[in-house]
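These notes are about the structure you will find just below.
Chain naming follows the written order as A, B, C and D, and within any one chain the residues start at number 1.
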Amino acid sequence: MSGSSPVTRPALKLTHEGALTMLAAAVAKASEMGVPQNINIVDEGGNLLAFVRMDGAKLLSRETSLSKAITAASHRQPTSRLNPADEIKLSLAAGQRLTNLEGGLPIIIEGVCVGGIGVGSGKGAEDVEVARAALAAIGAQDQIP
Amino acid sequence: MSGSSPVTRPALKLTHEGALTMLAAAVAKASEMGVPQNINIVDEGGNLLAFVRMDGAKLLSRETSLSKAITAASHRQPTSRLNPADEIKLSLAAGQRLTNLEGGLPIIIEGVCVGGIGVGSGKGAEDVEVARAALAAIGAQDQIP
Amino acid sequence: MSGSSPVTRPALKLTHEGALTMLAAAVAKASEMGVPQNINIVDEGGNLLAFVRMDGAKLLSRETSLSKAITAASHRQPTSRLNPADEIKLSLAAGQRLTNLEGGLPIIIEGVCVGGIGVGSGKGAEDVEVARAALAAIGAQDQIP
Amino acid sequence: MSGSSPVTRPALKLTHEGALTMLAAAVAKASEMGVPQNINIVDEGGNLLAFVRMDGAKLLSRETSLSKAITAASHRQPTSRLNPADEIKLSLAAGQRLTNLEGGLPIIIEGVCVGGIGVGSGKGAEDVEVARAALAAIGAQDQIP
């Protein structure tokens, strides 16, 4: 069983405490900026771990920001790095959850992608700024060069 | 406009701070009980305000607990008070979000229903206990006599 | 960061080699029994890892067997252990993926649930027999007492 | 019945053994290339026959690669041969499963299209290379001139 074809491999999971720490830091940053946001934290399997919609955030941005989180977790890189020429066909072929909108960042800890954060309701750059503040709060790698 | 047929009426909204306070109290209670939970707070329109899935909570209970929160907010009463003989046909006719499972409570403040909380992954009574702790944390009315 | 509220926790993942080993063992057992099957292996997040539909297996059993796999992974126990009185309302409240049909088993290795297997197209007991053969092939715990 | 207007016509079906042979060859090629992939084999009706997601493959590429397999089986030609000017409107009109992304090949045996293979998580050319290795393993016609 444990010979040349192992059945399991070790992995790392984001805890709910880690996710709530990210949420709090994101809310604090968004409040400071005066831009209410939808904030989604998903695990590496794309399943929601934590979420908050701030007072005044756009309702439909809930869906866009969730897509950003799932895309970042799936591709293990910030959203908005796909070739713009491909983004519509990729989104359609993926059942629309795949997005190239700015505001999704992978959550990388000790070199392992443990999930993604997706922020939406502000301008793209504002969404990214809030996501970065959440990553910083748990000591995750910053994916923006 | 402001005469006998007013166009608007005053309302009350749960803030994201209120929702996050509920989330924290629910997590604390569930941790104390040793029963990891999915916790959903929705507003009076049934839209998600805040969510957390605790480490070890059942994945599919995410959906059942969301259904509980939406049902409690919609009906402005605890779930599980529908006539069991009607619960399946009501659920089907409502597009399945309506549920009679225990663990959903309305959030009532100053007599106004501002949303619902739905908890799921434990036994029904455990789910209710966690939801009540969240209501207590914001001084909401307790709906369980 | 690494104080009283850790951001990550160690975990275990089923490899694709492990999933393919399960698939091969399940196909061998089903062939021996003369009962073609749909066989699904999902990870602990409910995402499909490996699948095969055998010649002659029922087409719609693909969906039922996937639901079995996801339910077993979510609840970390064999399907068909829910209270029959609750199974319809649980399924409806969970968006129908939750099922109490026989033929879903959790994949438990070193005490950790790393996913679920769902088998469907035969009789319930036949589905379970095939799932157990797959678990045995990777040395996973047998959940049937 | 068997006169000038026959009620049936002979057909050819890919077996599950054939599909599993393709899966194994694709996994071997992808491992050799160091590029983990999602690999889907569908029958001529677009229904999934076999699937594997390799360790480290992108989660959302599961959906894009399934779309590639279904498109190749439907059109009986490699994906990416549609006029780029038409690809978005075709995808939308087809309910989104039709894609022009590289990485889908028809499975043609004795001149008959018995299904499609769709590979995704690498670059387009890498996906195609893996799909071709799978075709070669069962002696299917290579569709890339």
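Definition applied: contacts are C-beta pairs under 8 Å (C-beta built on N, C-alpha and C of every residue); 3 or more make two chains touch, one makes a residue touch a chain.
Protein identities per chain, from UniProt: A, B, C, D = Heme-binding protein.
From a predicted model like this one, the values you see are computed outputs, not experimental measurements.
Here C-D and A-C were compared by C-beta pairs in contact; the pair with more is A-C. Averaging C-alpha coordinates per chain places the centre of chain C (Heme-binding protein) 26 Å away from that of chain D (Heme-binding protein).
In terms of their C-alpha centroids, the spacing between chain B (Heme-binding protein) and chain C (Heme-binding protein) amounts to 31 Å. Chain C (Heme-binding protein) has its Cα centroid 28 Å from the Cα centroid of chain A (Heme-binding protein). Each of residues 55, 59 in chain B (Heme-binding protein) touches at least two other chains.
A complete list of chain pairs in contact reads A-B, A-C, A-D, B-C, C-D. Listing the residues of chain A (Heme-binding protein) that touch chain B (Heme-binding protein) in their complex gives 13, 15-16, 19-20, 23-24, 27, 47-55, 59, 62.
Against chain D (Heme-binding protein), the residues of chain A (Heme-binding protein) that register as touching in their complex are 9, 44-46, 70-71, 73-76, 86, 88-90, 92-98.
On the side of chain D (Heme-binding protein), the complex with chain A (Heme-binding protein) involves touching residues 55, 58-61, 63-64, 67-68, 87-88, 91-92, 96, 99-101. Residues of chain A (Heme-binding protein) that touch chain C (Heme-binding protein) in their complex: 1, 5-15, 17-18, 21, 43-47, 109-110, 114, 138-140.
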